[in-house]
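Lettered A, B, C and D in written order, each chain numbered from 1.
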Amino acid sequence: MESTEQIYGRQGFGQTFSLEAPFGLLIVDFVNGFANPNVLGGGNISQAIARTVSVLVHARALRWPIAYSRVVFSDDEADRNVFGLKIPSIVALKEASFDSAIVDALKPDVGELVVRKTVPSAFFMTPLAPWFTQRGIKTLVVAGCVTSGCVRASVVDAMSFGFKPLVLRDCVGDRALGPHEANLFDMQQKYALVMDSDELLSLPEMRRGKA
Amino acid sequence: MESTEQIYGRQGFGQTFSLEAPFGLLIVDFVNGFANPNVLGGGNISQAIARTVSVLVHARALRWPIAYSRVVFSDDEADRNVFGLKIPSIVALKEASFDSAIVDALKPDVGELVVRKTVPSAFFMTPLAPWFTQRGIKTLVVAGCVTSGCVRASVVDAMSFGFKPLVLRDCVGDRALGPHEANLFDMQQKYALVMDSDELLSLPEMRRGKA
Amino acid sequence: MESTEQIYGRQGFGQTFSLEAPFGLLIVDFVNGFANPNVLGGGNISQAIARTVSVLVHARALRWPIAYSRVVFSDDEADRNVFGLKIPSIVALKEASFDSAIVDALKPDVGELVVRKTVPSAFFMTPLAPWFTQRGIKTLVVAGCVTSGCVRASVVDAMSFGFKPLVLRDCVGDRALGPHEANLFDMQQKYALVMDSDELLSLPEMRRGKA
Amino acid sequence: MESTEQIYGRQGFGQTFSLEAPFGLLIVDFVNGFANPNVLGGGNISQAIARTVSVLVHARALRWPIAYSRVVFSDDEADRNVFGLKIPSIVALKEASFDSAIVDALKPDVGELVVRKTVPSAFFMTPLAPWFTQRGIKTLVVAGCVTSGCVRASVVDAMSFGFKPLVLRDCVGDRALGPHEANLFDMQQKYALVMDSDELLSLPEMRRGKA
């Protein structure tokens, strides 16, 4: 019997594509609540945050446009939605709550964009796509959590909005490893390049300064 | 060690929600090329198509708004995109090609909407959400293929656009069963109700005529 | 020579349509800075705010979903955009600035939605359309300012997202009356019903309670 | 008493901005039905079409990405919407109808994008923004009709999606000159650069080949 990989291979999935400057960096939902196994986190998320630190340093050195997403519901929960029906605990992420704040290790700098959202994709009904479009970005490097949720939804939208998504395997994390791996497979086959951050940082494109 | 289900359960994922009329039906990409294991199909897609027939009959009897999506690239491939770079074979789906035509068993009727797309989600940059919004739809029943691709992307967007997605487990199919199951898990935990079509059709809400 | 009205009439523009429940109310950019002739306001905006008060009371009594928009740029202006290039003074509207706060007379209540935006339309890349869609809204009553800018852009998007827009002539205002009238003409001919608030409030539909 | 121009000037509207390569060209709704005064056209639309011919030649020589929009309703009118309620005659524009075909003088070439729409903006729920984003376009030159309708809606969306809109005054037309002028004023003050095509074509940026 044909394996999943064989089926995908035979039908022509999983091709690679060239990386094109200018590059941008998107960091999805690396907030305290997703770093904490007792809230909405766990699994390999802490390691993914740690691995993202040097990518962020690098992106700033190359003057890439950098954006972050946070899940933020309004204080009165007027914007409670279907996502909040499926996962009631996510509605606790409010503007001032510790759990919705971006982790200290990846604190946004002046001039970097932070978008607030109440759904999985960092692009859905946020100013994110126009912001990268205005800057002419062609390849979007993606870190964040969780791989099987907000990262994957953001990667699908990044591609749909016309950006080439590059997912950093060790900089995306999930509360459980099964869904993490399953979604990396889907993204690699259909939507994005997937590589380790070391591989990205060693590419010649990464030494040219701002494209 | 905690299982994936235990982690999700402990963090409050996978809650149910009430079904609310009016209902709509969305059939994602059930086209000849995805029904054919030698093109882009295989796995349990044929069975899913067969199971969808009676759902469609039912939806028509209840006068639900019904919409379909097809993947259609322009004849000159001017709209070739990143999705087409990852899966070059998908760009062969053109307006007049057999493989992009909706399967005979589910041929759209007059007054039913067909949207054309070049990305995974049936909602992304198509008139689909406005069409259901105009009709006041609150719950959107979803069939189609593939579970791990265009169905899942459409379900995430359905939820994000404000609809309650109800995925029919036996009416969605995939070329490979691993990704099929992994994505049903993700959708059930985070985005949608998942049930069998028999269960849906036996609900009291399904006998009331048009809500 | 044919007048503008004759041309539009001969070509079939400006038809009416039925009002359909459920109704929602959208109040666009009635913030302090647009109420102040020395900032971004003037003209008939103050009168439009005064006229909107009783509409808001009415909408609350009928338990309509009610939403507001504000222009809010981030404190570090990371989201400065083309709109801000054309109108540099608009970038001064920040989260905590007096000029970006909704006027006291129309202060949002708990459970009412406030969307922040950096572009003309209250719908563009904000959660507004999904919020009204989730509530099944079919007709959207629109007040706000300015008629020739954010109101008109929001009305075009309301229609495009599948809602029937109803613009209250005396509840929309502009810093200058020429553009105000020109844009009321465009909206009445192509996108919306336009009527006085007294006419709306005297309609039988307005007495039925929540539709 | 202060004139409209004085009010806008005092409040800081109408600033200019730099043109930035890469450039793209968008031609909105120059179809037979809008060129015909007996259908949906008239006024200065024919002259605008004639003036656009040399811009198109120029854009092709410089290898700019070029896109066109058409209004196209489905044959069974399943997608009839609020726009069609306001302007019933517009629903007659179907895929195969003469009136929905782009005028011969501006026939699209292989590799140029044509988007179909049923609402004013060429960007609304069409693949237009992702297509220009994928190509890194920063400045979008706009021609088309009508100035007070689909052109203006497309220009607002172009700006909102992150592009710098440049409206060619003599390459946009309308069935009536009052709304044409009123909308050029609004766009010039708030959303776009407005210049004559001769001025554009004589800019140094226009001689550099593809940026």
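Criterion: a residue touches a chain if its C-beta (ideal position, glycine included) is under 8 Å from a C-beta of that chain, and two chains touch if they have at least 3 such contacts.
No experiment lies behind these values; they were computed from the predicted model shown.
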item	value
Partner chains shared by chain A and chain D (touch criterion as defined above)	B, C
Same or different residue numbers at the chain B/chain C copy interface, by half rule	same
Approximate Å spacing (C-alpha centroids) for the pair chain A, chain B	25
Mean-CA-position distance for chain D and chain B (Å)	34
Two or more partner chains touched - positions in chain D	81-82, 119, 125, 129-131, 134, 160, 162-163
Footprint of chain D on chain C - complex, ascending	4, 7-8, 11-15, 17, 39-40, 42-43, 81-83, 85-89, 119-121, 124-125, 148-149, 153, 156-157, 159-160, 162-165, 175-176, 178-179, 182-183, 185-186, 189-192
For the chain D and chain A complex, residues of the former touching the latter	22, 129-138, 160-163
Of all residues in chain B, those that touch chain D in their complex	74, 76, 78-79, 81-82, 110-114, 118-119, 125-131, 134
